[in-house]
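Two complexes are shown next, each including subunit A; its partner changes from subunit B in the first to subunit C in the second.
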Partner chain A sequence: MRKLRTAIVAAVVLVVSAIAGSPASAQKPGGTLVQITQPEPPNLAPYISTSAPISQVTAKIYDGLLEYGFDLKPKPSLAESWQISPDGKTVAFKLRKDVKFHDGKPLTAADVKFTIMEVLKKVHPRGINTFRDVTDVETPDDFTAVFKLANAAPYMLAALSGYESPILPKHVFGQGDIKTHPNANQPIGTGPFKFVEWRRGELVRLDKNPDYWRKGLPYLDRIVVRFINDEATRTAALEKGEAHVAGFGAVPYNDAKKLAQLPSIEVTTKGYEMISPVVELLINTKKAPLDNQKVRQAMAYAVDRQFVIDNIWFGFGKPATGLISSNFAPSGLYTAEVTKYQVPDGIERANKLLDEAGFPRKDGGIRFEIVHDITPYGPEWQRFGEVVQQQLAKVGIKATLRYEDVATWLKRIYSDYDFALTSNFLYNLPDPVLGVHRAIHGKLIRQGTVFVNGSQWSDPRADELMDKATIEPDAEKRAEYYREVQKIAVAASPIIWVFELNFPTVINKRYKDVIASPLGIYANFATAWRE
Partner chain B sequence: MRSFWRRFLGNPRVAIGFVWLAFVVVVAVGASVLAPGTPFAIVSKPFAPPIGEFLFGTDSLGRSLAAGLVHGARTSLLIAILATVAAVAFGTFVGSISGFYGGIVDDVLMRLTEFFQTIPSFIFAIVLVAILSPSGTSVVIAIATVSWPPIARITRGEVLTIKAREFVQAAVVVGQRDMAILVGQVLPNALSPLIVTGSLLVANAILIESALSFLGLGAPNLMSWGFQIGAGRAFLRDAWWLVTVPGTAILLTVLSINLVGEGLNDALNPRLRDL
Partner chain C sequence: MGAARLLRYLLRRILQAIPVVLGVVVLNFLLLQLAPGDAATVLAGEAGGAPAEYIQQLRERFGLDKPVPVQLAVYVKNILVLDLGYSFRNASPVLPLILGRLWPTLLLMGTTLVLSVGGGVLLGLFAAVWVRSWKDHVISLLAIISYAMPLFWIGLMLILLFSIKLDWLPTSGMEDAAAFYEGWERAADIAKHLILPAVTLSLFYIALYARLMRATMLDQRGLDYVTTARAKGLAERQITIRHVVRNALLPVVTVAGVQVGGLLGGSVVVESVFAWPGLGQLAFQSLFARDLNLLLGIFFISSCLVVVVNIIVDIVYILLDPRIRVG
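Then we have the complex of A and B:
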């Protein structure tokens, strides 16, 4: 009898635990995730610097008003709901009432107002542009923030993530000079992880925020962000399971390809949909003979995009058709209906165009000579320069390579305009207004400002269309404007848009749901968990 | 003189070094004939194996490794020899003036030399190339700048001992002018240690040039062995020949120069052999 009872109890326990166990097998708390970030960030102040590695750390600490799904549509975060007036000039955010900063003080609308008006609009390199039309943030009560705009700003709603627009505590950052604030490297946010320490040259430690406003999250106890200078060591750390996630080119592309074959590792190119890097060749359109549109088109035909993707970036890319990434296809902003330069007879077309432009082949089959400035970003870019040199040689353009350090190169390209051809990559970001206009808008030919219109090309019609699209609340009309901009710009070829770079993110398979947002490693990892 | 050549070439190690160096020089001179066109040309599929259509295979972009080696020999030797000549010329000038005149001139020049000697030479070369922006000329300047101090010290030492000799004093009494004494009497007798050190400097220059190219600071339009290793190092696990072949070329060449340099030392200082 006793035995039977024990058996029944055991069976019940088994059944109960099986039922209870099934959701537990989905997500369970605990564990430390080791993320590799390369290079080490210069500071932890994402509100003042857009240096790429910073937000890989700080997006776990700071929340934004909104989050985004893979369809790039906004989702609630610190703002639980929002309303846009029909003319698009008023956007009202309702804030959650249960949010506390890591120092225990509650989040209120005053913090949002301070962050937008006093910090991002003034000192954030991209915020200056994103929030240029915000004239005021009104705070009728503690949990309502009403953005007043001079013009409708449809792009703004795409730029309110913790990566792009982190919400800061006014009671901390409101004291003293924001540019030299002592808390720059002691971040205090509302996010799922709290800053613990930064051992320079080694790691940043972030611990679980037990008072996080999403109850039950985050699952992980700790995130350790390690900085490993040597690329082979980074690969080895991931291979051995000492580190669990790395993205943004931290792992060499050929190694990522190899790691993908290991049973313990997953390599994904998801999580860059709101970043959309496009690799380009920037042409100085004010410098003869590159001021000739036919010459620029010929160069665009001469570059074999697929060769570059396959042999330098080891397949982590897709030929680009123009200035807007195909990641914008779902919203209709992208079109492939433009001049197509990646064609099988590209070399013949290029030769014909150069003959027409009045540059016949002379001694040694050379039409003219230019200097190609290699981008000083690492070995891939050097190989890219060497390949471009060889591909241009096929159509009779002799390119001599020049290699300078980053500061000299930036000055040469964007301050002195003393170049013919160089390479670069620009993020499209979540909206063309933020990521694309800077490359080709006439108003952005600003000598001395880096990463804006370095080709110095502009077209009155394209400028007009971009200006209209900036303040157009209707999505379909905006898309139409951008489709026409792409046609005009691609035909003029001031920049050779070579390919859409798909960064590989290497993830240890024991960790699940790490890449849960189009911002990938720039997201907060609240829902990541360890098996 | 005959005994010098006998001592020099009779040494088997020197003979081996000499044969390899002669081979490298022939290859370097005949680079354009052996591998016409630019060594940066993409000629085949990437990662072609080392035994097959292309001798030594192709690199990650499909460039022939053999063509790169041949043109790399030219670059490495040319840069190394130019840099050494510049370093020896300048070092000799500074050292001889310093040793010959002594006093305040000596003090100033030697403190200057020491200043250069205290800076770690490779780091200094990197800084120089970065400032001047990488090109053939800037690499030569950088290597020469970090290589001259030992030459200056050796020359000074030699000049100091030689100028105390009777024949130099005789020249002074006869009324020869300073420059005539220095160039005509002192320096010719200081030549043998300079030749030995100079030959070893060539080996060192090849190493510095390779290291700079490895770091991507070499002349971007010149193929060199260090460049090949730098471009291939990421693929060590997939394509071992990309780094092994140019690496071996550097090893053999530097070793040969050292063997020949030592042989020169033995031949020029016969007394050392008896020690």
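Then we have the complex of A and C:
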């Protein structure tokens, strides 16, 4: 009897250690993953629209030339290697030779050339900017694509994922008008999952691509992306196990905390390192009294960042020091050596600055009144507005709240400049050229263009530094330029950078390795598997 | 009354409806111009920002750079040949978008209509028969409660109870998202998914019809023809079923006709809570995206539906009450 028991124990130990010792052997094929994406994407054409939900679906269908590790360094994908000339003006990509599109046609350099020159550079909202210096893509042979640039473009190498720059088949999208192409909602890519159907208002079905060029992948048989409009219902579907993954605020922050208590669910904030959303308060620097730098600094001192994170975003954040997210610390682009507004005596400093600026407290302790517009993206923003209102009241600024729908709000802020202070959030994206310049560069004070420099502030020195950093191939020099930009902009305080938002991603624990890239849900899920 | 006469009547009603629908289209078009912001800004906003060239490109593509009267003329001209246009936001022609969402809406509407009229009429009838007894009070109380509770809240509570706690029914959606059933299995699956949203949406209307039915039943019972029938020696049961109910149904049919219009709009909340892929949600999203072609298309289809339902209601009147004639 005892012998038997010992044998059993030994066997169990053996099995357990076998599983623990070689995690790779535990990954098994099969299973359907149900992902919740909110809201439903308007279309499945990531080459023409960067509307946030689209790529949560299409990144599984379209590969890019490159992928990225958590260190934000590029890794091979469709391009197996690449070479950059010393002046940075030539980037040569060697393509894999065994890649097929979902319709069976092989991928060649002609597809890359077509995608960059005819599509992304012309009609992609961010591609127009990313590839503006690409003058040509040369294709000396079927599997080499040489990017010719007018200037070095160090940011471009960070923007070649399937999320940011999906590679399209020329034989499909080269026919007809790209802007109203019939395949907009019938995507054909080279990715691990093939598009099967889209039932509007309900779901998108993606099935495993059996001919995927990474042999043995993907593990999952199917991904279904569901659209559930009501946040409480989304939480219920995750709790019941009808859906298995949701990110980007699809689950309310308090519900994410609650779901994390369940044994079947894990909540992570990883997978946003190449997105880096920063919550901010945008100030109209052309409007008195906010044209006064001291007033703007005082407001920056008055906002208690930690309070906002803890009480409104349920801890899913980290105080921001400036315009560049601390996710850029590894590459040296980020610095904390700027004017620090999150200080214990913030209120006293703010009061002092406002007195100096010539706005003494009058009746009822009020110095002046402003209207605070709230970004129309959900209830937490409304509560954020209420907190800002209270905190500004402490220093004698009376703010009235205004809440409008998205179209009205966008028009007010970016077309009419008819505002004083508004909440907002902006993605830093994989490089400051793509995500940060737009907020503070003088050239980007463009009336009518949304999510660019709405505060209308600019500084000649900062502009010059950003222009230099754009075309500087040397990483250390670039980092230096950006550190100085941060000092200048944070001191002038045209925007109150409040906190770095860490979106929670809710994952059913039966599914492993779901978040395997700094792009998180915007990655292709090729290595995700079900227990 | 001959079939030819009925047909002529139908034809005339349909011809009369055309200017009505056109009027609705023009009015909607003009009303929507009042909403600030346009589709190009929203699209660019959803994209997290875009260069000015891009926004200008969008406006040209959408035809938003043309003056409003020109846009209206183009739209009306297209509507006359039933071309509902293209939704740029959805990268798809409008008609298939709407048709794809129409049948889930009709399924939900139809089920709700049957449940609510059936349930409401029965409950109202019983309440009237058992008037002022405890059963009547219970029915009235339940009616008031379900009448007063907000739809979304009822929906969420039903989900919590029947899906999460009891694990009997799915939380949301129209079909099992992982299974992709075919044939009868699919029908059964859809039926299972239909229960909670249909019940939620019905509760309000059941209450409405129950109260209406009860009140008109009681009204009718005091009228002379009932006394005559009773004097004739008819049994109470026969009087109720053959005479009173038939007359009391007329106002219910009227309200049901109005309800169909309301159901199209009122189901937005229920569709949203249960992730039901119907027209309501589509209309809601396209309004916030300023997707005017799509929105106008939905209005057009809904006004056609309302017109059709009104005609049906009028025909039901004729069947219920021989005194009403087509003229």
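The definition used in the following text is that the second predicted complex is superposed on the first by the 506 of 531 C-alpha atoms of A that agree within 3 Å, B and C clash if a C-alpha of one lies under 4 Å from a C-alpha of the other, contacts with A are read in each partner's own complex, and residues count from 1 in each chain.
In this text, a contact is a pair of C-beta atoms (placed from the backbone, for glycine too) under 8 Å apart; a residue touches a chain by one contact, two chains touch by 3 or more.
Worth saying up front: this structure is predicted, and the values here are computed from it rather than measured.
Visitor: Quick check on the superposition: with subunit A as the shared anchor, is it clash or fit for subunit B versus subunit C?
Guide: fit
Visitor: Quick one: is A:Asp405 in contact with subunit B, with subunit C, with both, or with neither? Answer first, second, both or neither.
Guide: After superposition on chain A, A:Asp405 lies in contact with both partners, subunit B and subunit C.
Visitor: Output check: A:Ile374 vs subunit B and subunit C. Expected answer is one of first, second, both, neither. What do you get?
Guide: A:Ile374: touches subunit B, not subunit C.
Visitor: Touch check for A:Ala489: first (subunit B), second (subunit C), both, or neither?
Guide: After superposing on A, A:Ala489 lies clear of both subunit B and subunit C.
Visitor: Is A:Val506 touching anything from subunit B or subunit C once the two structures are fitted on A? First, second, both or neither.
Guide: neither
Visitor: Please indicate which partner A:Ala246 is in contact with in the superposed arrangement: first for subunit B, second for subunit C, both, or neither.
Guide: Once the two structures are laid over each other on A, A:Ala246 reaches no partner at all.
Visitor: Tell me the contact category for A:Arg438 with respect to subunit B and subunit C: first, second, both or neither.
Guide: A:Arg438: touches subunit C, not subunit B.
Visitor: Comparing subunit B against subunit C, which has contacts with more of the residues in subunit A?
Guide: For subunit A, the partner with the higher number of touched residues is C.
Visitor: Once the shared chain is lined up, is A:Thr50 touching subunit B (first), subunit C (second), both, or neither of them?
Guide: The second partner, subunit C, only.
Visitor: Subunit B to subunit C: minimum CA distance in the overlay, Å?
Guide: The answer for the closest subunit B-subunit C C-alpha pair is 6 Å.
Visitor: Where on subunit A do the contacts from subunit B and from subunit C line up?
Guide: Residues 405, 408, which sit in both footprints.
Visitor: Within the complex, which stretch of subunit B touches subunit A?
Guide: 38, 40-42, 46, 60-62, 130, 133-134, 216-217, 220-221, 230-231, 234-235, 237-238
Visitor: Could you list, by residue number, the parts of subunit C that touch subunit A in their complex?
Guide: Residue positions touching the partner: 35-38, 41-55, 57, 61, 86, 88-92, 97, 100-101, 104, 152, 156, 159-160, 163-164, 167, 170-175, 177-178, 180, 271-278, 281-282, 285, 288-290.
Visitor: So in the complex, the part of subunit A that touches subunit C is made up of which residues?
Guide: Going through subunit A, the ones touching subunit C are 32, 34, 39-40, 42-45, 48-52, 123, 125-126, 128-129, 179-181, 184-185, 199-203, 205, 222, 224, 226-230, 232-233, 236-237, 239-240, 242-243, 405-412, 414-415, 426-427, 438, 446, 448-452.
Visitor: Once bound in the complex, which stretches of subunit A touch subunit B?
Guide: By the definition above, subunit A touches subunit B via 231, 252, 254-255, 258, 311-312, 374, 379, 382-383, 385-387, 389-390, 393, 400-405, 408.
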